[in-house]
Structure formats: structure tokens, C-alpha cells
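Below you'll find the structures, each written out as C-alpha cells.
Here come two complexes built around chain A, the first alongside chain B, the second alongside chain C.
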Partner chain A sequence: MIELIGEILKAIIIIGTILAGILAILIWVKNQTKNITYLRTLIQVAFIPLIFLGLIVGPFGLPQSPPAGNAPREVLLGAENLKGWFPDGITVPVLACYYPSGRTVTCAIWQIQSYIYPFWNPGLGFWGTFYTNSGIERLAIVLGLLIAMSLVLGRFFCGWICPFGLYMDLLSNIRATFKKGYRKFSEKTNTAIHQLRYVIIAAFLIISIIFGSQAIFGLQLVSGTQQGEYVYNYFSAPYCQVCPMKPLCVLTETSLGYMDPAYVLESTTGAFYEAGYFLTSLNLAILVLVTIIALAYRRFWCRICPLGGLIALFNRYPPFKWASITRLNKVEEKCTKCGICKRVCPTQVTEVYEKEGGDVTTSACILCLRCVEMCPYEDCLKLNVAGKTIFKSRNWVNSR
Partner chain B sequence: MALPAEIANSYLATFTLGLIYGSTLCTSECLPYVTSYIAGIGADFRKGVTATFIYNSGRVTAYAILGALAGTSKLFINNSLLLPYQKYTLLTFGIISLIVGIGILLKGEHSSSACNGKNCKPLRLWRLTGRFETSAFIMGLSKGLVVCPPLLALLLSSLAFSTPIDSFILTLLFGLGTALSPLLILGGVTGWLLNKAPLLSRWTSRIGALILMLLGVSIIINAITL
Partner chain C sequence: MNVKNESDKKYALEIAPKEAEELRNAIRATSTKVIAENIKRMKKTWPNRPETMQYFDEIANFFGTREKEIREAKEEGKKVIGYTCMFAPIELILAADAIPVRVSSGWYDSAKLGNRIVPVEVCPVIRSTIGVKMIDLSPYLELSDALITTLTCDGMTKLSEILGYYKPVWTLCPPRIKDSEQSMAFWKEELKTLKDNIEKLTGTKITSKKLRSAIELMHKAAKAFRKLQDVRKGNPVIMGRDAMLVNQTSMWDDIERWTRKTEELCSELEKRAQEKAWACPPDTPRVMITGTPIIWPDNWKLPNLIEEANPQGVIVVDELCSGDRFLYDPVGVDEWNMDDMFNAVAERYLLPSTCPCFTSEDGNENRVNWLISKVKEFRVDGVIYYVVRGCMLYAMEYMRIKKALDQLNVPVYYLDTDYTREDTGQIKTRVEAFLEMLKSRVEI
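This part shows the complex of A and B:
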């Protein structure tokens, strides 16, 4: 207990130092065109230890969580209270990867896939977890949380909280350091890339249902899906085998000494296409590819991310659209069509510029508020939460 | 004139049996074909549900035909007839899946999307021709003609009834039960999700068609080796 309090204090000091440092920078930089960006970076950085708090306070070295990679269940948020009902921890709509040792919350995509296949029925899960309820009940909890969070915050998660979003921003900053301009996709290509996430969602849902047909419908459609068999071992969460966040988390934890490199590599077996468990060649190839593209195109992955797509589905499409409370509003009378909002948008959203005022939030918008920050017209663009304005554009040109 | 209690109970039990099998085995068996077909035709939620409904209607019709045949000609009692029947109906279903897949692929290649990057309507092949409703129906009909174990059990047990019309009614009720399955929702959700990507509809259509063709080929191979 004393050790845990000590670890928590250590975490608070580290987080506090980071926050104080960024606040100092914020105060130092009076440039109004960067204030929201700095605040956003501050929140993104603060959420890294919060999402992966186990990196700091995890009871590493204890028998129940050896550095081989077993998740320390003690730090999983909600797991202790919900016990067998929800032992994988609270769902969050950010890429809070399931695989690293120290996560405190769990990525919704992993939960949705895994509760369809292989954990549809009550019983043993990974790492000694035991599910006392059915997959459909767990899916209802995941989707309930996801819908509630999406209605309240929308894709604010993508812009302000998601660790992979921060990684994308850092890559953009590397390019900016070398004074290199960003590349842009053509409008049609960009729209197609944004739409790809819905195809990815449909694909992993259908694949998971087909893999889990034995448990769900009582008829096995694909062989090798039983416990211990090929599909169960290597493709039980199909999207996770191609997600670039997984290798990033695993590599970070391995480099920090929280996961055993030998174990991580051992679990990767066979040919290129044969996915391992922690670190797979396919995962790594996609991470490298995404990293290279993200160096040229800002927030590249955020345009494809299926988790962002799920949030958009539960926030920007009827009937959820009518109930969402976080909206980006535009006052048409104050807009001069200068086009700054269109140029600065990291995901190349054009609707803020093109729409005729009112709610201009779109499914592609990650609510990073770069447009609000850069719009030089007082009160033209506003972020409203439940009708209350949180951020608004300011006339930064005259105030300089 | 009221039905005798035992017959009425049998009707209800058969319908319930249909509901149970519809939620389990039938959904599982038909899911790959229906989702591939929906991806192929570029349907939205409503059209996805409708296509699944039409596919299920084909199956119900097939069950009713089989019930009528069983009642009148006692077709499925003879094992030497049943095996070749299964082989050829399976082969037919495989060929139809292959043809529907090729049809979607060719139709997709000849249609052009009016998208210019935004504000574009999804590529709705559905609207271009009415043949695709027929395709879903024919696929369902050919799938329904392949006698599955629960249907065979039902057909055999229906022979115990006094009139051939009972076999027909029982299989029809069984079919109606299976038609009210989660497949309707799954088909709708597939359409809903894929419809959110109109610019990629040509690609999803091609992929759906190719999967349908592959499924057709695998059924043909299965039928030949039966």
C-alpha cells in the first residue's frame, strides 16, 4: 500500500512537472494563433500517463504482472468494481491499446471485436480474466459508453486526447522544424480516405462475426477458430493485427523495460502474413507506412482511423446527430470567405469554409480547433458545448 | 372451422423452431452471401434490409415448394434420391452465386458514379435495374432448395400428417420463422456502414462481387466432390 502511494505521488509529480512546463510555455508564448494548440498539446501529453498510468504506477515485477507483458489488472479503471461483468476495464474512444502492460483503460475497437470473437460466451478471457456475462451484454456496455462519450464530446477525443493523434502531431512538427510545407491530398482523394474508415469498420465487424459464428450461431464457418487453434491464436482481433498503435505502444514499453523483448519477439511466428501476438510484421509495416505518410500529410491516420469513424457514426449521423452536444458553429454574417480555416485544417475539412453558417461540424472534423484559433474574425467560429461557448475565434490581427 | 389442438400446436412449434434456427444456423449460413451481395449492390440500410428480406422470401418460397413436394410425392424418404438431389441443388446454388457475382461485377464496371468528391450519391446499382431484386430472390430460392438437416427432419416428420397440405403449411411456417432473423439487421447495418463511403462504392462493389464469386466456386467444388 505504501509503495503504491509512493508510486502515485511519483506519478503526480511527473504529471505536474509536465503540466507546469507546458503552462510556463503557454504564458511565455503570447501568440494568440498558437494558444489553443499549446493547450491541446498540454492535454494530449497529460493524457498519455493517464491512459497508460501503469507505466508509472503499475505494480511491475509482482507475480501477477511479470514484465513479459501481462496487464496489471489492479490499475485497470472500472475492472475492480465491475469484476467479471467487465474485467477489461472502462472503454474509451481513443486508441488506448489493449496489449501494453500498463494501460488503465481499453480501446473500444478491441473490446467490440473480442466480445464478438472469441469471448462471446461467458468464460475465460486472456491473462486470467473471467467473463461472467455474455458477449452481447458486454457489447451493450461498450456501445453504451461509446455512444454516451461520442454524444458528449464527439471527435474532441481525436483532436485532444488520443495518444496516436499526439504522435501524428509530433510527426507534423518534425516536418515543420525543417521548414517544409505540408502536402495535401486532392479533395476527392481526401474524401475517399475519410470514407475508408466505414469500410474498415464493416470489414472487421463482419470478419469477427464470421470467426465467431460457432459461439454466436452454433455453426462454424471458418476452421481453426476454436481455442488454441490458428485463427484464435493469431487473428482473434482482426483489426488489432493491422493497427499501427499496437506496435507503437509495445515498442515504447519494451524500450522502457516494462515488456520483455525476447517474449515480445518470440510470440511473432512464421511468415510475414502470420500475425503474432504483441508485435507483428504486419503491424510494424503499417506503422512504418503510416509514419512515412504522416510526415508529409498532417493527421494522416486520423482520416482513416475506424475508432474515429465509430465516434463520427455516433455523433454526426442521424439519429445521434440531433442529440450531440459538442458542435462547431459558424456565424455566416461574420465570415468573409478568406479561406484560412480551410488552409489550416490538419484533416483538410472544407465544410467549415463552405457551409452557410450554423453547425459546421462534420464527421471528418477532429475538433482540434485550429480553424477557431486561426480565424481572424471575432466570434465567427465557436465551439459550443451544450449551447455554451467554450472557444471562439478572436481578432488576433488587430490585437498584435 | 377451428384446427385440432395438436395440429395448431405443431404449427406454432414449427414457427418457433424456424425462429430459433433463423437466429442461429440460418443467419450463420447465409451471412457471407447476403453481406457480399449487399456490398456488391451498394445498398443503404433500408435497401440492405429489403435485399435481405427478398433473399429470405426466396428461401421461404423454396421451403414451401419442398413442403408441397414432400407432401405429395414423399420425395425425401428415399435416400437414393436425396443424395443426387442435394448434389444438384448445391451445384445450382453455387452456379447462381457465381453468376450473380459476375453480374454485379460487370454491371459495376459499366456504371459510372456521378461523384465529384463531395455531395455525391452512392453508386446505387439497385436503382439502375430491377434485376437485382430478382437476383436476391433467386439466390435465396436456390439456397432454400438445398435441404439442411433441420428442414429434412421437418419434412420427414410432416409426412405423419394426414394431408399433403400440412407439409406445405409446416415448411412455410418454418420458413417464415427463419426469415425473421438477425440477418435482416446485419444486412441493414452492412448497408448502412458501406453507404457511408460512396466514393469507395465501386471498390466495395467489386470486392463484394468477388467474394460472392469465390463463395460460388467453393460451393461448386463442394458439390462436385459430394
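This part shows the complex of A and C:
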């Protein structure tokens, strides 16, 4: 029975992905005026198989125990070469769990949290992963890669790659098909909400350090933690126990057949920190909450996403700010302050509208480029990567 | 003169029906002559004026085909909604199947009549509009079932009060600060009230489908308008006056037909640009007009003078709410639902406006930006800052605009005049001196 559900889900997801891809291409070709949004959707959809099917890097430590599945080991590339460097898959600043088959990519937040525990030691691997580097070395690799990616692309990851961003967009589209309008926070509330992500980052880092205190300082702050050992309660990766993306990851992996649905269901009952091996009740509750809010407020999660906050930290604040190369630029004199950029922004960024020309990228901006697309003045808004203009606003009235 | 309520004539002076009739006939006769004369002069300056301009000449005649059309449409049950200012949301009017017409007046002679009600210091646009109403001169003002007046400057504020004695008037009060949240909320409320009023008058509900098609219609108009602007960016293939006339006719013409005709005109002009059939020598000084709205037909004094002067100038762009500002900004809709469309319409009419009635910390930065970018885009040689006497807001912003343009090394000339034909000689001398100076700069 459960296998059957899994098979059906798998079929739905694969067919849906293919159809969405074809649809995105068709609409993009047909409707040139909206091309940035459709190109973005296309890229978002294209990254789904890359993230969840694991086509780039090898399946280090294939799931051995019950969640076992049949990850496409044969088609994976680079499995052996990168093993030592990225035992859990390449760090990518998008919300994609450590579950995804073959561990092609792994959410940076999970790595940061769980590598703090063993700190000076390699620590224990998960599902057959064997670490050769110590926790702090792995942490350095993860942070290095995260900073490098943030400097190069910044929150481009949020707008164009992150699967949870796609989910947010999907919710907006569902709302839009019912001809319902979206809601907006007041500017003050929105600014406050945007600051919440730094609170979340601080909270999970502090909890992680408290739980890893035995390993880090040799001082046991919480009983049950041992040097170099993963602590088997669910505060080990505290953020992951509240992350709304985890249920979606598990769902996708299960339906693709890379996780055993029976096992997942068995392990997902009971009190939230005891039995929720894959999902905690907090995960589900927050997913439901975020889903409901995101139906009214566009890209709601992206405003408080701690991963987005990390990218913003390494991209929008000095000294990183000076080195970041992906920037949204505005030419002041072309701007008539018509306010379109402010209204269409899914995260309610006001700086693009308010700031005088130059670099108008902000930490709240997910670089979805909706403003660039909707700006009706030629060359007014531009996305520059290393000084080269990739996208610029066009006189879209002319293509009507 | 059909006053709503006899006891309500607080402002309106008695004017004997006979006198009114005489005045109407006299001014109408002069006006018809002036319209014909203006068109003749335009033809004379631009000998190879394209055939397609004929259509706009026809529409430009206030007492001609368009009046008849509107009258017929009215008999079929369509409503006509007049507006005095470009803050009136055309999309909402079109969505309710009504006909939008701009009713602010450009008649010189009626300004003198307006003097009987308001002092002579008041801006002549206001005085003239009052005068027009006193003798029922303007066909569009007479045909409109309701008026949308915008409380921008003092003149407009009191004008709405005075017009309110004759017609139902819906006031639209734009906040003086654009950027704050409460202003936007207030403005949206104003437009919501207006929308309800329009719906009540026309009996048509503004549905999202209708609003969408109205917005798309205006997009098409904006596209045609921008095409015309693009044509004017190069060497002059169209005289500025003619382009101004084309822009101005959009304010009372059927917008769909206007779009089609303008597209035709543009393709003709593009062909001419390829053939290098310039409307005037390419080294003619390129002039930009900014300031108080210049309204057809009588107030064509300045454009006429510039383009008929010796040395000749050509108006390549203007920053007038009766000209290039009218169709410049499109309504940018994110999601095609009622909420977002309405917000988009509301924001389009408030935020990009360069009207000097707004203030901010940066001091109406919009207008400066607009002027600077247009000066660069259209390779403007000199700017004429046109102010009618009594237009305080435009007059007070002169210094700021001059400083911004001085930095670009573009000469600005402040020209103040009134709704009168008597100062044509002096203004001609002043304009010619300015153009002489521009000409010598061009030659260097």
C-alpha cells in the first residue's frame, strides 16, 4: 500500500517536473515580455532533478539502513574525486536537506550545525559516510565555499535555485490563479521580519555550541554529549528540526524511491524530539504555517530564511560587500520613481525605489529580478555580474 | 448657463443669456479661425507635412468631427467624463465604458471673462476654464456628465469648487508628499471613491476583465507615443508643434483610433528618417519646453514662435502635463487581479508625476531626473522654461531646475507670459535672441 503511494507520488513528481519544464520553455518562447520570470522558473525547475536526483557528485555512503533506495550510482560523476572534501555533498546555500539521494548537494546550515559537534575530531558519519577530516576542517571548507558562492552570486541562489523558493512561487501562483490579491506588511513590520533571520542564525549557533561544548571546550554543558560523538537527540541540528523544507525534501525523496516510505512513516510518530527521526511535528507545523502565510504574503519564508541571512551576511556587509560581484544597479536619471519596482518586489524591498542610483542590492533582495523585468524604462535597472550587464530593464511597453 | 441650483451661485456671476450667446458666438468664431490658422502655419513651416497628419488636424478642431462623435455616443447612452488634470485615472474611465476628455482650456479670450469671477493674478488656465464654462464654449466641457478635478495647485482647488456649481464634480486630492505609506493609502482611498462614483454614474461595474483591457489599451497608446518619441530623438523628421498636437489630441480622441493613426504616422516618419527627408535642417537648435501646460488651440503662441522664428528652433521634447508627460508612464501590473491592477493604476498616477505641487526632502527629484535624462536622450540644446503668470508652483521651481541644467551646461530661458496675444512681439524678440544664442552654440 505504502509502496504504491510512493510509486504514484514518484510518477506524479517526475511527470510534473517534465511538464513544468516544457511549459516553462513554451511560455518563455511565446511571451517575451515576461521572459525573466519564465527563465527563472525554468532554472528553478531544472535544478530540482539536479538537487534531488543527485546527478553530479557521487552517492557517498548510500543509505544503508531501511531508507535504502536505489540511487543512480552509475550515472553519477565525480564520485571518487570529491569524497574527501565534501563527504556529505557539495555545500550549496539552498534549502536542500542532507537526505537527498547521493548527497549531491547539502544545505549549508545542516553542515555548519552538525560539524560543530565533533569539532576537533572527525566524528561519526551518517549512513555510511566516513569522515577523514576533523569537524573544524570540514567547517572551514563549508564556510569557505559558502563565502565564495555568496560573493559570486549572492542571493541569486534564493531567487533562482532554491527549491523552497520555487515552492513559495508556486503558492503565489496558486493564489494568483484564484484571482486573489496578495497582502503586504507595512514597511516597518517588514524590516523587523527581515531582521528575524539573524535571530534564528544566532539561536541555532548558540544551541549547537552548547550541545557541542564537550567536544569544543571539554566542558560538558549538557549531559549526554561526548567528545567527538554526534549527540543523538534532535537538538543536534537544532535548526533542521524547525526547517519547513525538511518535510518537502523527505516527500520528494520518498516519492522518487530513494527513501523507504514505510520507514519514514514509522519513524515519524510520537513526541517531536524522540520519534521524529526524519520529521518532527515542529517541521510539519512550521511548514503548514509558512504555507498559509505564504499564500497571502509572497516569498514569506525568504524574508526570514536563515540561509538567506547567511548569504546576505557574506555578501552585503563589509568587508564582503566590497568584494561581492553580483549587483543590482540603478541609473538614477532614467528613473521616474514610478514605484513599479517597489510594488512588484516579492520581499517588499524598498531600497531599489528609494535609493539614488548606483548599487541598490540589499540584504533582503533575493535577486529574482522581477523589478528589472517590470521596469518600463530602458537601461534603468541592471544586474551586473563582475561589471558585465546580464539583465537590464527594457521598454516593455514596446513589446505589447 | 445651467446652474445646478439657483441659490447656489456663490461664485457664479449673473451673465445675461443674450450676452453669453453673443460672447460664445464671437469667441467660437475667433477660435475656429485660430485653429485653422494654427494648422495653416504648421503646414507652412513644414512643407512636406505627411498626409497622415490630416487626421490629427481634423480631430484638433474642437467644433468638428470629434464633437459630433461624442454627441452621438452620448445619445447611445455612453457617459462622458471630463478631467482637468493628468492625475485623473484614464484606465478607470475607459474600464467603465465612458469617454475621457480633458477640459482644461487654452482659449485666450475666455480668460478675460474669468477675470469677472477670480482676480487677474490667478493662473490663466484656471481663469480661461471658468470663462469657458460661463459662456458654455467648450463642447467637451459641456458634453461631460461629470468632472474629475484634481486639487493640485490653489487654482485647481478653487476651480473645482466653481465648476461644482454647474456639473457634478469629483475631487481628487493628491497628497503633497508621495513617498510615505500614509500618502499612498490616502491616494488609494481617493481613487476608490472615484471608482465608486464612476460606477454609479455609468452604471457599469468595473470588472477586472474590463480594467485589464483598458490598461492594455493604454499600453498600446503608450507604445505608439513612445514610438513617436523615439522618432523625435534623431534628426528632426517631424516639427515639434505637430508632435505636440498629436500628443494633445490623445486627450479627447478615441484612444484606440488615435493609437492606430499615430502608429501610421510613426511608420511614415521612420521611412522619412531613412530617406533623410528632414522636416528642418538637422543643425536647427533643439529646444525643450518645460513648465505650465500648453493647451491647444489658442495657447499655441510659444510653439509657433519657436518654430517660425528666425533662426528657427525645433521642439524635440517637452515636459508638459499636456504633452510628453501624459502617456509617458505605463501602468505596470504584476498579477492581473483587481487588487493589483487597481494599485498599479493608483501608483502610476501619483508616483511618477513630475508636477511641482509635490515636495520631498530631495525637492521633486523626479522632475529634475526626467529633465536631465531627456536632455541627454534628445540631445537638447536649450530649455525654455515656460510659465504663465500666476503659476506659482512652476515659477518657484525654476531656480532648482536651472541649477541642475547648468551643471549639464544646457542654457535655460525663463519665459513668462499670459493668455494674451498682445505680447507676441516681445516674446518673439526674446525667443529669437535665445535661439540666436543656441544657434551660435550649435555652430561652435
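Operating definition for what follows: the second predicted complex is superposed on the first by the 309 of 400 C-alpha atoms of A that agree within 3 Å, B and C clash if a C-alpha of one lies under 4 Å from a C-alpha of the other, contacts with A are read in each partner's own complex, and residues count from 1 in each chain.
As a convention for this text, a residue touches a chain if its C-beta (ideal position, glycine included) is under 8 Å from a C-beta of that chain, and two chains touch if they have at least 3 such contacts.
The shown structure was predicted, so the numbers you read here are calculated from the model rather than taken from an experiment.
Residue contacts after overlaying the shared chain place A:352 against neither chain B nor chain C. When the two structures are aligned on the shared chain, A:248 is found in touch with neither chain B nor chain C. Applying the stated contact rule after C-alpha superposition, one finds that A:206 touches chain B and leaves chain C untouched. Residue contacts after overlaying the shared chain place A:338 against chain C, while chain B stays out of touching range.
Legend: residue contacts after superposition of the two complexes on their common chain; A:187 is shown touching both chain B and chain C. Legend: residue contacts after superposition of the two complexes on their common chain; A:374 is shown touching chain C, with no touch to chain B. When the two structures are aligned on the shared chain, A:397 is found in touch with chain C, with no touch to chain B.
Overlaid on A, the two complexes show chain B and chain C touching the same residues of chain A, namely 186-187. By the touch criterion given at the top, residues 178-179, 181, 208, 216, 219-220, 222-223, 226-227, 328-330, 332, 334-335, 337-340, 343-344, 347-348, 351-352, 354, 365-366, 369-370, 372-373, 376 of chain C touch chain A in their complex. Against chain C, the residues of chain A that register as touching in their complex are 176, 179-182, 186-187, 332-340, 343-344, 354, 370, 374-376, 395-398, 400.
Residues 186-188, 191-192, 195-196, 198-199, 201-202, 205-206, 209-210, 213, 216-219, 221, 313, 317, 350 of chain A are the ones touching chain B in the complex.
Of all the residues in chain B, the ones that touch chain A in their complex are 23-25, 27-29, 31-32, 35, 39, 115-118, 186, 189-190, 193-194, 196-200, 204.
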